[in-house]
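Going by the order they are written in, the chains are A, B and C; count residues from 1 in each one.
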Amino acid sequence: MSDSVASISPRGMTWARRKRALARVWRELRNDRSGFSGLLILLGFGLVALCAPLIADRSLLLAAAGRNNPDLAGPSAKFLLGTDDIGRDILAQLVWGSRVSLFIGIFATVVAVLIGSLVGLVAGYVKGKVATVLLAIDNFFLVVPFLPLAIVLAVILGRSPVTLALVIGFTSWAGSARLVRAQVLSLSERGYVERARALGANSRHVILRHILPGVAPLIIANATLIVPGAILTESTLSFLGFGDRLSPSWGKLLDGAQSSGSITLNAWWYYLPPGLCIITVVLAFTLFGRALERIFDPRLAGR
Amino acid sequence: MSNRYVIKKIIGALLTLFAVVVFNFFLFRIVDRDPLSKYRGRSKLSLEQREAMIRRMGLSGSKWDQFVVYIKSTLRLDFGRSFDSTRPVLREIADRLPATLILVGISTALTIGIGLYIGAKAGWARGSRFDRVSTSGTMVLYATPEFFFGMLLLAIVAGRTGWFPTGGLRDIGANYGFVDSLLDRAHHLVLPSLTLTLGYLGSYSLIMRTSMLETLGEDYLTTARAKGLKESDVMTHHAVPNALLPSVSVIAISFGFVIGGAITTETVFSYPGLGLATADAIRNTDLPMLQALFLVASAAVIFLNLVADLTYGLLDPRIRHST
Amino acid sequence: MIDSTVLKVRDLYVTYQSSFGPVPAVRGVDLDIALGETLGLAGESGCGKSTLAMALLRLVPPTTQISGSILLDGQNVLTMKPGQLRLVRWAQASIVFQGAQHVLNPVQRIGAQIDEAIQLHHGSTSSTVREMLALVGLSDTRADDYPHELSGGQKQRVMIAMALSCNPLLIIADEPTTALDVMVQAQILQLLDNIKRERGLSMLFITHDLSVLSHNTDRVAVMYAGRIVEVGPAEELLRGSIHPYSRALAESFPIIGDPKSRHQPKGLAGDPPDPNLLPSGCPFHPRCNVAIDSCKSIDIKLSAVAKSVDRQVACVHANDESRSVK
């Protein structure tokens, strides 16, 4: 109600303020060497993932594609990174693998952040029994070892990449719920939420207009730090046998490298590239996320 | 530490354990409507055999009846038989538990010890060369999946030099005396525990570094300096004991990660513990094994959390003396 | 001739390095404290009192620039090697810190914290933890307590016991009663006074509360924006201060226990200057009600006044007949 009366100028002001804030974030990011290089690396990998069909034909992933090629052949002009144990081009798998790995990592993070923010917002906003129950659930998910839990869920629910992403998301939201709840509590303490409520705003309005904007930067920084964890979990699950060999993620490539005995056969072109890709992307996300954290939370500056 | 604190923590741990047990039922009996359908050999079963199996797995009757049966058998530590080996799950687990305990025990002790040491030193000398090098190093370690690390070790150390065995628990077929057999087992442990240790070093050292940074500005450190203490003594006698406190609770949460790491590490080194059993159970969709392994892993983490909570109580006089 | 000066500070500058640039917190301070003498140092929050105190034992952050000289029992603290400095700390001069709440290590028994100092310097005397606790009126069973088990006043007593444990020549008491309630403040002041008398100690007593100084100090120095603006015998100065800032401070003896009066003495408008943005000329001129035009550009040095040999003031009006007589 009060919203519609004074909608034009305050909202315009809000937008102007957000634009300024965004400009500030960009400026500080540009000056943060490690954070900015993390971002550049990520953009590079993102580009490769998007352009995968232009770089290598998808049919190269089929089992049949390797039939006439030598198995476990070293790098050559024809196969820049050699072939796997059934003769498929490893570079092609690596390029397409970036799609699978990044997709699962990001999709899982979206799921985790959605659940985590929802639980955190509600647990921080309402008091009483609901909050207690939510906190107990959150605590449970923090304590239960998440890899065994993810394994069990994936075995029961199925092994496709989408299921894996859902499973990873479902097992990694507890930390963000904590974080979001703490931030909501500290925002409420500053009192203007009470004021908005006293003015007759309903909960939905208070959460969307007053709390969410205050929590959003934190959620974004936190999400950037969940992605690397999700990518690592995905690679672990794939290494343990989940996922699809015909549309392999980097972790799945490592699984293939391990089970085909490439290590004892010294076929480094099989296991080295996917491992290095995982490390690089995880590191880039971590650097970028920590930079965002520093920018959004000045108390952490200098860390 | 007051009794009330201890009792509260123990009750909390038991409640969490119970929640895990219930959750386990929920997963394997409700989310998964027909566990038997995952049994590969089911097509060869006769009707009677099938019936018997349903009864043995406690799958007959209403969900509530099933729950009661499930709770009773869980209390008896009866987890049924492995789909794969058809031996009782409890036997399978008991056989493999010691190997994993040794591996995870050694690695946890090492990774916590070294990680805290590096983190404390880096945080204390923030911005120094040691800090920059160790922080970049630990970030890379953090970003490396521990199984990839294990594969590299296998390729470089075991494969090239032959200094270490590439896998297993001991040399098969060799006939050693007692001492040699111990040495042989230790020899087989080196690479897996190195993998697991390095795999989680990064998180511990980053946690401790942060904690140390938060301690740096405290007034009692100025007091210690004013008294004429050497910087190294200010650090070890005053900064570290205080910085350890917040670390302990964060470390407790991360026990689950090391246990997860054991699964892939044992797989890489074909080290026959519970981790390898988990990997095998995944590939064979061996539900009874997975169900029990999940319980064991959760129970272990809950127990370690309890230990961490009690340690915290011992370290922090504010809790130790509260009534 | 034996020089009875325990502390002799000359031309001391202390400049912190912050992310916004250098912060000149102490700017050219001279101080002398004789054996057995107590010097009171007063000034508003942020004028550099603690900085001065910490600099005496070089306890400021390592990036801080210090220049001038600090002679403690004849030795220059600023040119000492680290090992020598550690021997001097606590054995020659000790500090009762501002804000007793956080200066004790929360996870170490207080007995151990006192003993740590004694063990470190046990060459000089061999007092025991028990004796020290008794000296400050605490039972020796307290030695096994942790800081959180003590009240604020008890913590401050422990701090005093700790400061005395190595039998120093000089005690630096930095607002030792600020965080305490009125009754306890009086007790702690009394305790410090007794101990000082019994042991013939020198003391630098820092406060923002001039009224505290009237009882127990021999001389008083008033500090403003990193400098001493007036110094003289306690009674004389407290009865009739010359510098406009000292007057404002004296007229507004803060109400004890009222935290607001700490930050803004009554009858003195405006805030103390930020060390980064010092006004030109006399730094006090924006708040001074007797400022003249030249005050905006000319900074007057601390110098003796004609009336009294022991007094020094930094103000154009220092020798005005009408002002020095009161």
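Please note the rule applied: a residue touches a chain if its C-beta (ideal position, glycine included) is under 8 Å from a C-beta of that chain, and two chains touch if they have at least 3 such contacts.
These figures come from a predicted structure and were not determined experimentally.
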Indicate the lowest number of steps between subunit A and subunit B, counting one step per move to a touching chain. 1
Max contacts between which two chains? A-B
Where the centres are mean C-alpha positions, what is the separation of subunit A from subunit B, in Å? 24
What's the distance between the Cα centroids of subunit A and subunit C, rounded to whole Å? 55
Mind listing the subunit A positions that touch subunit B in their complex? 139-140, 142-149, 151-153, 155-157, 228, 232, 235-236, 239-242, 251, 254, 257-258, 263-264, 266, 268, 271, 275, 278-280, 282-283, 286-287, 302-303
Could you pull out which subunit B residues touch subunit C in their complex? 218-220, 222-230, 237-238, 241-242, 245, 315-318, 321
Subunit B residues touching subunit A - in the complex, by the definition given at the top: 16, 19-20, 23, 27-28, 31-32, 38, 126, 139-140, 142-145, 147-148, 151-152, 154-155, 159, 166, 210, 213, 253, 255-257, 259-260, 263-264, 267-268, 278-279, 282-283, 285, 287, 290-291, 293-294, 297-298, 300-302, 305
Flag every residue of subunit C that touches subunit B in the complex, lowest number first. 54, 57, 59, 86-91, 94-95, 97, 99, 102-109, 116-117, 120-121, 146, 148-149, 162
